[in-house]
Amino acid sequence: MADTAVNAALGAAVNTAAGSGSSATVAAEPLLQLDGLTKRYGALVAVDNVSMQVADGEVRAVIGPNGAGKTTLFHLITGVVKPTMGRVRFAGEDITGLPAHRICQRGLSRTFQLTSLFPEMSARENTTLAAQARHPRRWQPFGGSGVFSQARAVGDAALEQLGLAHVADRPAGLLSHGDQRLLEVAMAMSQQPKVLLLDEPTQGLSVEETAQAVDTLARFLDKARVTVLLVEHDMEVVFRLAHKITVLHRGGVIADGAPAAVKADARVQEAYLGGMD
Amino acid sequence: MRLSLLLGLTGLGLMIAAPLGLPPFAMTLLTELVILGLFAMSLDLMVGYTRLVSFGHAAAYGLGAYASGYLLLNTQTPLPFVVILAALLTGVIALGVGWVCTQATGVSFSMLTLAFAQLLYAIAFKWTSVTGGSDGLAGIPRRPGPLGLTALTTKAGFYYFALGCLVIAFLFCKVLVSSPFGAVLRGIRENEAKTLALGYNTRLYKIAVVAISYALGGLAGALYAPFAGFANTELLFWLFSGQVLIMVIVGGSGTLIGPILGAAFFMMLEHQLSSYTEAWALFFGLVFIAFVLFAPEGIWGLISRWGRRGAVAEVKGGQHG
Amino acid sequence: MSNLAFLLTQLVNALSQAALLFFLGVGLTLIFGIMRIVNFAHGTLYMLGAFLGYSLLHHTGSFWAALLVAPVIVGLLGTLFELTILRQLYRRDAHAFLMVTFGLALITGEAVRLIWGSDALQVPPPPQLAGVVFMLDEPFPVYRLFLAGAGIVVALAIWQLLERTRLGLLIRATSQNPEMVHALGVDVNLVRSGVFGIGCGLAALGGVLAAPLVTAAHGMAATAVIDAFVIVIIGGMGSFLGSLIGALLVALVQVFGNYYLPDFALAFMYLLMLLVLVVRPGGLLGKEA
């Protein structure tokens, strides 16, 4: 256990050290790898030949102005939409075109851009149901107190991680907007994912709520060693949370690297100044 | 929870004691009520627990009734086996129905189930050699057995048999909806997209629940054929599908016990109104609309709200505080 | 009978049948497009149209008066129902509407039985349309030709209404984005009341027109509502053109099915619908369900 963690950390370190230069001899294979991923809707190219690699343990943000193809990219990775071309590799296996629930079963859990919860269930029931999806006896049509108690324990831990333990028994639909966003993250974490995909986690929050949610997320990401792919258009959020940033513009990658380098990139500045809504 | 258990056990006790004190015509009504209650409860698995609003549940009832009628008329199979076989057959056919209908969601799903029921209706009309066409199957006997047992063929015996089926089916459903499987159904009911995104293959769960629901509906129909002595196309008609949906909603969907009460309410209202007025359906329509408008949680919802009044007030107070 | 003459008469037959089905389907689809509700009472209102037509014909002596007045009355009743009952349910899920309109179907059906009795009533076609014409030497009822023509006229009229008028624009806009229309200062509720009334009126128009062919009878409600559903499901919920195509397809299946395989004609209709739905769950011209 400890060895693999160390190896992964080393791999990440080697990656960073190699910087923007050629990194042909990377120690560990990236956890998530996109090769020439493309999605066309008729004449419209929503995602254009996107290749990127996310190493184990990394927090990677994908940013870009509205309409840059961020959400479509997410849909392609999670299997909601099938790509026109290109491959998605996850933990060394090709998962391109698998149904969404299969991809999720392999350890990619996502949140939605628009809050998607079970509003009439309590927060705890939400995380329990999320955790149950990873239990081998999740479909059992009788009994199930064992399944439930195990799932509840995992779910409660996730609620704790995101600072939601005090609202665990409240119906999800009655939580504050910020807590609802965090509950979605807790649900994804209840699945003990290898990669956590966050689709604009602060979408729809006020400035104050955003600041609070980002604080909580930052604390959580510091402690939880989980690989994150984050889609976001709020720059402050991105620079606060991400280790590395990939910039999309008109469906294609225009920059990829550490936050400081990306910030300084001329093409990125142009895209943001010229392409913002 | 205490209240519902108490009411349920009292109700069951009364149902068990009923044959001792009731005149024969009332026994007939009560048996029909048990069968209809089972039918309505089977639909609740789809409507109340999974939000799969079927507008063609008569298909399950009709399939079960025709299957059991055919077996009783043409074979020597004892009654209990016939009923189980008919229910299983309905469930197996429902796997196909479920596969097709779950291609769609929402209102389209409702319409597809309706189309399936109407297709069966059309088939029952024309496949005279098996279904008896527009005359239906008549003179369906209650075959004794197994082992020459005749207790189930008497009026009281058949009543207890039907009641036993209802109780077993109720317990089965209760266990099912409280299980991990049932938790996933709740997820589908509240937010299907999210349930799918969590990694559940929601389509399979839906097909399974359609099959179980149809099998239990088929069980009800399979009891009805030997109870009434006939099976005809009326049992497959869309109006009947609408009526059973009314029973579920009026009784209180998502509660299992509610739809049974709904069936009882429906039957009593029909019985009472039709003895006063020819136009009972008119009043029935009014009562139904009133329920949808003013008491969407149904009869059982009203009862349990009354039972929980104290607790709810407490929660509300806590939220405001 | 020559093959050509047979084909022609059957085709015109199907066209007249399609016209009746279209009156049913287009009302249902308009209502669904605007209000996202499935009107279960549609067949009963069709039947009500036929019985109203019978009475109006007897009181005024004019089929044309009946043809004009009956749809207006049913349309107003529909609007009244929208104002008093449906309006309270827009915040609830789609199934509340299904159930309330099912209740309306029960009430209307029973009211018709109370007012007109249980027997089927004969409605003669107007004298101008009573005879037959010869097409390629085959006799063909004038009334059916008239129906086919009426179908084409009404379809064109609705199309023009939707494409060319302000009301049509509002209807299309509301069906796509009611919030936006509301934000533009239009009373969406008024559009809804209006469209529900128009849809009910169209069903009644179909009922009056169908009466001379099939008599005014209680059984027509159930057949009509199922036919209407099938058409709208095949064509795609909320699509005007879809309802037209659906009506034509169903009419063709009904007419030719009845001729070649009368035992299976009914089943064919449902099979057609299942086939369409399996291939395109939202219907031919509908959005994904």
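A, B and C label the chains in the order they appear, each numbered from 1.
In this text, contacts are C-beta pairs under 8 Å (C-beta built on N, C-alpha and C of every residue); 3 or more make two chains touch, one makes a residue touch a chain.
Values in this document were obtained by computation on a predicted structure and should not be read as measured data.
Q: Which chain would you call central, comparing Cα centres to the global Cα centre?
A: When every chain is reduced to its C-alpha mean, the one closest to the whole-protein mean is B.
Q: Would you kindly say which chain has the C-alpha centre located farthest from the C-alpha centre of chain C?
A: That would be chain A.
Q: Round to the nearest whole Å and give the separation of the Cα centres of chain A and chain B.
A: 44
Q: Measuring from the mean C-alpha position of chain B to the mean C-alpha position of chain C, what distance in angstrom results?
A: Result: the chain centres lie 32 Å from each other.
Q: Taking the mean of the CA coordinates per chain, how far is chain A from chain C in Å?
A: Result: the chain centres lie 50 Å from each other.
Q: In their shared complex, at which residues does chain A touch chain B?
A: The contact residues of chain A facing chain B are 78, 99-102, 104-105, 109-110, 112, 116-121, 128-130, 132-135, 137-144, 147-148, 174, 187, 191.
Q: How about chain B: which of its residues touch chain C in the complex?
A: Spelled out, the residues of chain B in touch with chain C are 53, 55, 100, 103-112, 114-116, 118-119, 122-123, 125-126, 237-239, 242, 245-246, 249, 278-282, 284-286, 288-289, 292-293, 296.
Q: Please output the residues of chain B touching chain A within their complex, sorted ascending.
A: 175-176, 178-184, 186-187, 190-191, 193-202, 205, 319
Q: In the complex of these two chains, what residues of chain C are touching chain B?
A: These residues of chain C touch chain B: 38, 40, 85, 88-89, 92, 94-96, 98-100, 102-107, 109-111, 113-114, 222, 226, 229-230, 233, 237, 263-264, 266-267, 270-271, 273-274, 277-278, 281-283, 289.
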